[in-house]
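Below you'll find the structures, each written out as structure tokens.
First subunit A sits with subunit B, and in the next complex the same chain sits with subunit C.
Take a look at the complex of A and B:
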């Protein structure tokens, strides 16, 4: 009895994951990233590398939320950091003033970020294309000046530091702390990415793409375009707020930098580098950029900080011009080309045997 | 108080108008949402500093201003041909490329001149008192230059043959092409003019106010240009002037009547913009442009 279920589970696993090269690669990458803390030796440099990867995971959540809104639904947002900042400030305020458990604070932050996406999204959706980009660009700037104006509540320039008890884990060994936070953020990223990916490929996601392709035609098909656009805004804001809230408990402070234009621009750059509209591209892009910027160029080759932006912006711009599909999508396309076309009923069964047979025949030939 | 509001408001509005004019031109005519327009502003300030105060035999104010404008115009044209040109028509790619360009300019300036401030020479020394408000000659000169340049550009667009060709380009690219207009050359010229406008604004504003420039000074003017242009309607020159007046006066009013809320200046200005957009999504003087095409 049990074996039947096991076999069935394996078959489904093989059909949906092992047999599709890009998914197999994603699985291998996930396993690799789960194994990283075990492979790395425990020294300060590696703790630093882990903290870079932690930041990359958080930013990957942020960038993929942007990708859902822009790459899938076509609502160009250049002020995505407003949701990030709202999530961060709410979390920090709740923790400082009421001492709520960190997860409750983050949850409320996420809810508030999602809630403000409606009053923001509703007017913003009256305008389209470049106009929308410019309007959304203004929002985090308004938020920044409010942060500076309400110094008593938001701390103004100094931001809102939270006490050390705000960490997710109360570990004294810094390396172990980083490992724990690394697993936490990585799993959070995995869960968020799977949810965003599922939404993007659900019926709702297909409606999003139809709005991206042709808004008038979608309207003509009886789709309530405003409702779906707001939905995209709200889902996107939810994950952006999550990234902001989690980051507060990692960095132990919220600052006006959480509303900065640079943050929004980086989300754009990361998502475009990986491949817009793919969701996983945003994740790949953010790992590449953070690894390059904060680890490789700083620790391995030690380039002065002023050169970093040049070193990764110039390739990104060239990539967008020459190769607009992005890195991640290019890799998956190549992988899909490697796999052979087989009818569905043959897929999933005995793939390894078949591979061996193919190899044998190749040897004989 | 009222005189102060009037004088300072006019000063702010005039330079905002000049600043936004370049952005209006590049959006209205060449259809480029140029996120790098703020860097033209920053580059203008730095080239003015470079020609005037540092290398090149310490040129006078006006030669260095003109040289700075020409240099930035060339940079703008090259940037258009090398980068923007290949991604035309794709909004997101355009935005990414121009943001990337802006960051590259910012870092290049940081590497050459360092992260700190540089001092920008004032246009002229001295000040005049108009009903107890001290107005520096620099400011008066800045207003004069901005308004005359603004007038020149509007006359150029509406009266000359090339200006009309630009108008044609803004209305229908394909039809303009069929009429024998070299659309690519014209678009390049437009970006170059926009760059020169941005550079002149970038010289006039710091030279008549704070007298400082730093590599990160490109974001505030960018947002102001956006707000002004959206307020007036993207691509409308008349709208730009009106938008600049609204924004300039509302910012000055907030700064004067609520001195402690100086941080709210931007919020109020952008709030005005968002409100206008809610009532009129096309801006005050915007034409209905089919953006999907």
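Take a look at the complex of A and C:
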């Protein structure tokens, strides 16, 4: 009995994951990232590497939320940090003032970020393309001014620090704490990415892409474009707000940097580098950028901070010229070619052998 | 009651009157042709009826209900769909997903038989226009003739009572024209009423039973294709005045 079910489970696993090279690759990457804390030795440098990966995971949620709105629905937002900042400040305020459990604060932060996305989405119904980009660009600037104006509530340039009890885990060993936080953020990223990916590939996601491609034709298909645009804004703001809220409990403060333009542009850079409109591209891009910026340029080769953006922007621009559709998409496209026209009985096995054979014949020919 | 009733519809662009006091009606089950030389106001008339442009005056009634001034997507959901003269596919989406967009509209999704999934229904629509083999290909690789038929499948996805086709034959070679004519005949037999804009009379003759002629925004003639072909004013408009 049991073997039948096991075999069935394996078949389904082979068909849906092993058979599809890009999914197999994603699975391998996930396993690798889950194993990382076990592999790394417990020393301060490795604790720092873990905190880099934690930041990368949080930023990956942020960047993939941007990708859903811009890469899939075509509503260009250059001020995406507004949602991140609102999530962060709400969470920090609630924790400081009311001492709510961290997850309740984050949840409320997410809801408020989603709620403000609706009035923010309204300009999107009037202006398009570059004009919308300019309108959204102004929003975090306004928010920053508000932060500085309402010093009593927001703490001005000092930000809003929260007490150590705000950590997700009360562990004294810093390395163990980082490991726990690493797993938490990684799982959060996995869940968010799966949800965003599911939405992007649902029938609603198809309508989003139709708005990106040709708004007038969507209208002619009887689509209420207004409703779908606002929906895209709300979903996107939800995950951006989540990233902001979670980050408060990791860094133990919310600051005006959460509304910064740099943050908004990082979302753009990460998504474009990985491959716009793919969702997973934003995640890959985020890990690459944060590893380069916070680990490689700081720990491996010690470069002063001011040079960082310059140093990694140049390779990013070159990579985008080489693979305009993004690094991650380039890789999956390569893999996708392999799986085409594979007979059913060959599914789920020998994919890597086949890949080697193909490479070999390509080299000989 | 007529299916569509247009009365005294007028649209001015600055000093130019693109559509001038046009009145006509369409009955259920008809195929009506709308012809006229370039710049006669055919496309403008379509844009007015489907809400993509705001009319200056007049009324448009669908089954007796005034639809003038409604948003385009609302008009589609009342049962009046259109195609575009220049094809407007969703280039990033697979062919079948192009049709799925229309099936996501309130009217489109309401009218799917309970036993079918939208994907199944979309495939059937693609079969109707002969595109089912291309269902998984991205729309951007389709040929022009295929895109023209995809537009029609997409419009049919909203289950229209009345279908407005804006130059469906433009840019098609004779083989593609025949294919499309056959598809349109099938669609008509399925019970769809159609208005077809065309400035080539020949393609229209096979389909339309009644033809309206527009010139400088005014309706100058109406009748069967044979009558229109002999109509003095129409010949004048197309060929110039004889001496």
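Just so it is clear, the second predicted complex is superposed on the first by the 335 of 365 C-alpha atoms of A that agree within 3 Å, B and C clash if a C-alpha of one lies under 4 Å from a C-alpha of the other, contacts with A are read in each partner's own complex, and residues count from 1 in each chain.
Going forward, a contact is a pair of C-beta atoms (placed from the backbone, for glycine too) under 8 Å apart; a residue touches a chain by one contact, two chains touch by 3 or more.
Owing to the predicted nature of the structure, the values given are computational and were not obtained by experimental measurement.
Greater residue coverage of subunit A by touch, when subunit B is weighed against subunit C, goes to B.
Applying the stated contact rule after C-alpha superposition, one finds that A:141 touches subunit B and leaves subunit C untouched. Of the two partner chains placed by the overlay, only subunit B lies in contact with A:261; subunit C stays clear of it. Shared-chain residue A:219: touches subunit C; no touch with subunit B. Look at A:4: by the touch rule set out above, it reaches neither subunit B nor subunit C. In the superposition on chain A, A:31 makes contact with neither subunit B nor subunit C.
When both complexes are overlaid on chain A, the residue A:269 reaches subunit B alone and has no touch with subunit C.
Shared contact residues of subunit A with subunit B and subunit C: 214, 216.
In the complex of the two chains, the subunit C residues touching subunit A come out as 50, 52, 71-73, 76-77, 81-84, 88-93, 97-98, 100-102, 104-108, 118, 154-155, 157-158. Of all residues in subunit A, only 70, 76, 78, 123, 126-131, 133-135, 137-138, 141-142, 144-146, 148-149, 214-216, 261, 265, 268-269, 272, 276, 306-307, 309-310, 313-314, 316-317, 320-322, 324 touch subunit B in the complex they form. Residues 203-204, 206-207, 209-210, 212-214, 216-225, 277 of subunit A touch subunit C in their complex. Across the complex, subunit A is touched by residues 27, 33, 83, 86-87, 90-93, 95-97, 99-101, 103-104, 106-108, 110-111, 115, 219, 223, 226-227, 229-230, 234, 261, 263-267, 270-271, 273-274, 277-278, 281, 291-292 of subunit B.
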